[in-house]
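Before anything else, here is the set of structures, which you'll find just below.
Two complexes are shown next, each including chain A; its partner changes from chain B in the first to chain C in the second.
And now, the complex of A and B:
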């Protein structure tokens, strides 16, 4: 009995540690960013310019960073979602066992490549390719970052979507086929709808990974904090900004606090995305 | 096995098989089965578990095709048409030959969408027309009164017996001539079983029904003809009354008297 109790206690403390840590991080973020509210005021964040170090006038506008993140993430999801979902359908429903044996290890391999290595690949291979393809001055663009992030998100989204598709009961497929449905009709009208909650969860996890990713985008997006919606322009994301500037910023300065605000915004965005994902899951989950 | 035919002279045989052998990979599951199944009658397949009843049933709508490594020898005809000839249209076949499975398997969709699924994939999209088909099929499967006020609610919320009747409605909605039922009541409680049996009784004059059952009383209650299978062979096929009162083969007798199986 005492063993059970000890085990329970151990697990409880492990679980509460994570809650405690999250709270701690949140409090820390709040504390470090708080003075910014008074001076120069939160309005300063809503600015189209990010010039945190200047002899003339400093600007702490995070808008270009937000659009940079949104552009890179959005583009990346535009590539990731169709590729992954179609890939997962292929692997789960169409591929022969041999094809599956070949494809799956490659996808797992892709998942295990460190993002710095992918970033290096982006810098040396992808960027020149995009530069030449579109005749640009530089290949370090939002598109380059998005393509790299796509490579990172695909394994997660494919693997989880595939699980979701595979877990659709065989009986649904039998019923559909027995009614005279073709394979494609069965896939798109029965299997995908039944697997949708899982596929949406997979996509949300993919978005999470893409938004939070830092290293690769820092290396290949060109790092210019200019507000733009052009995929072929250099941009800078929120994560890359924090990573690049946190090391040099003077402790406690307004610049330092602004970086923390970026962190808070990032946290809020991922939180909102999670809530939306949960909502969607609950709605479709009821359908299950 | 020379004998007089159990069928009346004017019997129309809708399904005919000749010397059918069936293989799962290298394992043979059916041996040399020759059988003529009469139209607009209920034919029951009985026999111990694993004797090939389901396998034989699934030959009639080519559902075995979906299992890798299977092979069929022999001749299978529906309304005289060789359903396994090259270029034979499986979609058309399955519209004509509906199937109800052992475990009810409604889609995780609304009741309406379940019944409308078949007509939709075959090209009916007119709302009015779909509504009529759904209503007719649900009335036909004796489910309409229970669900008419909640056609949009999820089919998985129905009871087991209702789900199975929904599956029957779904099969009827594409307008089949033949209904294959693989132990459709084996997972249901006695009351729901009776409802399914009554339903089969109501459908018997309009459809050719082939039903697999491990329940001999059920076969005796609902079928006109009964086929007894044993280890992949068709041992005896006769009018149900004959099978249960005066079986010709010793194996059949042993089985129906409960000596094995």
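And now, the complex of A and C:
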């Protein structure tokens, strides 16, 4: 019997390692960012300027970084959602088995391209394209970053949406067609509404992936900390700020703590998105 | 039932794994000791300024050629990164393109680190624009106004009617801080400045974008001479504009120039001292000239 127990314990600890690690990371972030609350106070984060290195006055306002991330993520979802949902419908409902065998591996291949490689592609190919297309001075814009992120989000959203569509019971489709509905009517009026919670969860996870992406956006968005909603302006995202500046700060400085606050905000956002996605899935019985 | 059958096997497997990992651990341990006894395999790590990576790695190569026992690793990351690493004891030598600052000095004093500064070379910062830009010279005042965002169009400095796109290094770069202190007169960069990671990204963007302006180390600018245009700089309105070159930087005529440093810990090993001595020797200074910087001796 003791063997069973020991084995149980071993497996339990293996399974809970990741929870433990997440807790540790949270504690670490809290600890490093805590002194900022006393001096200069959390109000300093709610500022429209992010000027961490200055001879005049340092500003640690994360608002331009939050809007930067939001702009890039929102734009990228504008491209990702229609592309992936339509793609998922095609793969799940319309494609012949042969087509599916070709499409699926290639979509998954897209997910495995390292983001630095995509970033390089963006810098050398996409940025000049955007520049010429819109007659801009430079192609390093929020739009360029959003397009790259779309490439990264598509595999996640397509795969999960396709699962959701596939899990709609066959009986729905049969019933709809028996009532004389066409294929198109069946897809858009029966299958999609039934799979919608799964598709929404897929989109949420896609947003989580996009908002946390660092390398590619660092390379192509121009990294100017300005508050703007123009897709053709340069923006600085939260992730890029941490990546670009963490190397330089002296430990324990206000700048250092401010970077940890950005990390906390980022973690909170992705956490909330994941929780919502899981809730939606559980609620509609799409996850056992 | 199946689990019960598997468990003993798993246990055996686990034990075997533990055994082998212990073994290899021991072996590694003994190897390390042997290396320590010989004492010649000392690894020196140099970290810091991206501008200086080319120079320090040339030094390292030559030094390792002369001393086959020496092992040197060179990494970039920015002067600030290097200084932080030196203060945290994760690097032996910090290459820095700016002087160490007050806050960092305080931190070093707190950590009881005796920082030693070695000025090993000089570098001029070249101001680069797109070859299609007709502007050939700028005064220090004009440069300042461009980079703080007061001028937004090239026609304000006698160029074409084209918006100015200000490009800069990331704030972790020593070049960023040097330029801010000496050209911007400690004012902040315009928030619209695009911060790019690394010199090559700057050169690439200036090559591609007609309205772009950026600052890069002279050595890089000369390498990229066919792709970008180097602008002559006037230190004052009534002085002739000077193009950066070996002679003008050394003679002090070119206004945007700076010393390059190696920082070491005062209590560092003899290997580190030997390396710094080598950098300052005739052979070391010859490498400085060969890599496009300006020798100090």
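The rule we apply is simple: the second predicted complex is superposed on the first by the 272 of 288 C-alpha atoms of A that agree within 3 Å, B and C clash if a C-alpha of one lies under 4 Å from a C-alpha of the other, contacts with A are read in each partner's own complex, and residues count from 1 in each chain.
Assume contacts are C-beta pairs under 8 Å (C-beta built on N, C-alpha and C of every residue); 3 or more make two chains touch, one makes a residue touch a chain.
If you're wondering where the values come from, they're calculated on a predicted model, not measured in any experiment.
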Discussion item. I'd like to know which partner A:138 touches here: chain B for first, chain C for second, both or neither.
Written reply: second
Worksheet item: Once the shared chain is lined up, is A:51 touching chain B (first), chain C (second), both, or neither of them?
Response: second
Worksheet item: Touching A:169, do we find chain B (first), chain C (second), both, or neither?
Response: first
Practice prompt. State whether A:181 touches chain B only (first), chain C only (second), both chains, or neither.
Written response: first
Worksheet item: Touching A:194 in the superposition: chain B (first), chain C (second), both, neither?
Response: first
Worksheet item: Looking at chain A, which partner touches more of its residues: chain C or chain B?
Response: C
Worksheet item: Now for A:247: first (chain B), second (chain C), both, or neither, which partner does it touch?
Response: second
Fill in: On chain A, the residue positions that both chain B and chain C contact, one per complex
none
Discussion item. Taking the touch rule as given, give the residues of chain A at its contact with chain C in the complex, in rising order.
Written reply: 3-4, 7, 49, 51-56, 64, 123, 127-128, 131, 137-140, 218-219, 222-226, 234, 236, 244-245, 247-251, 253
Worksheet item: So in the complex, which bits of chain C are touching chain A?
Response: 3-4, 7-8, 10-11, 77-78, 80-81, 83-84, 87-88, 103-104, 107, 162-163, 165, 170-172, 176-177, 180-181, 186-188, 191-197, 201, 204-205, 208-212
Worksheet item: For chain A, which residues count as touching chain B in their complex?
Response: 169, 171-182, 185, 189-190, 193-194, 286-288
Worksheet entry | chain A partner contacts - residues on chain B that touch it in the complex | 61, 63, 66, 90-95, 98-99, 101, 103, 105-109, 117-118, 120-122, 154, 156, 167, 170-171, 174
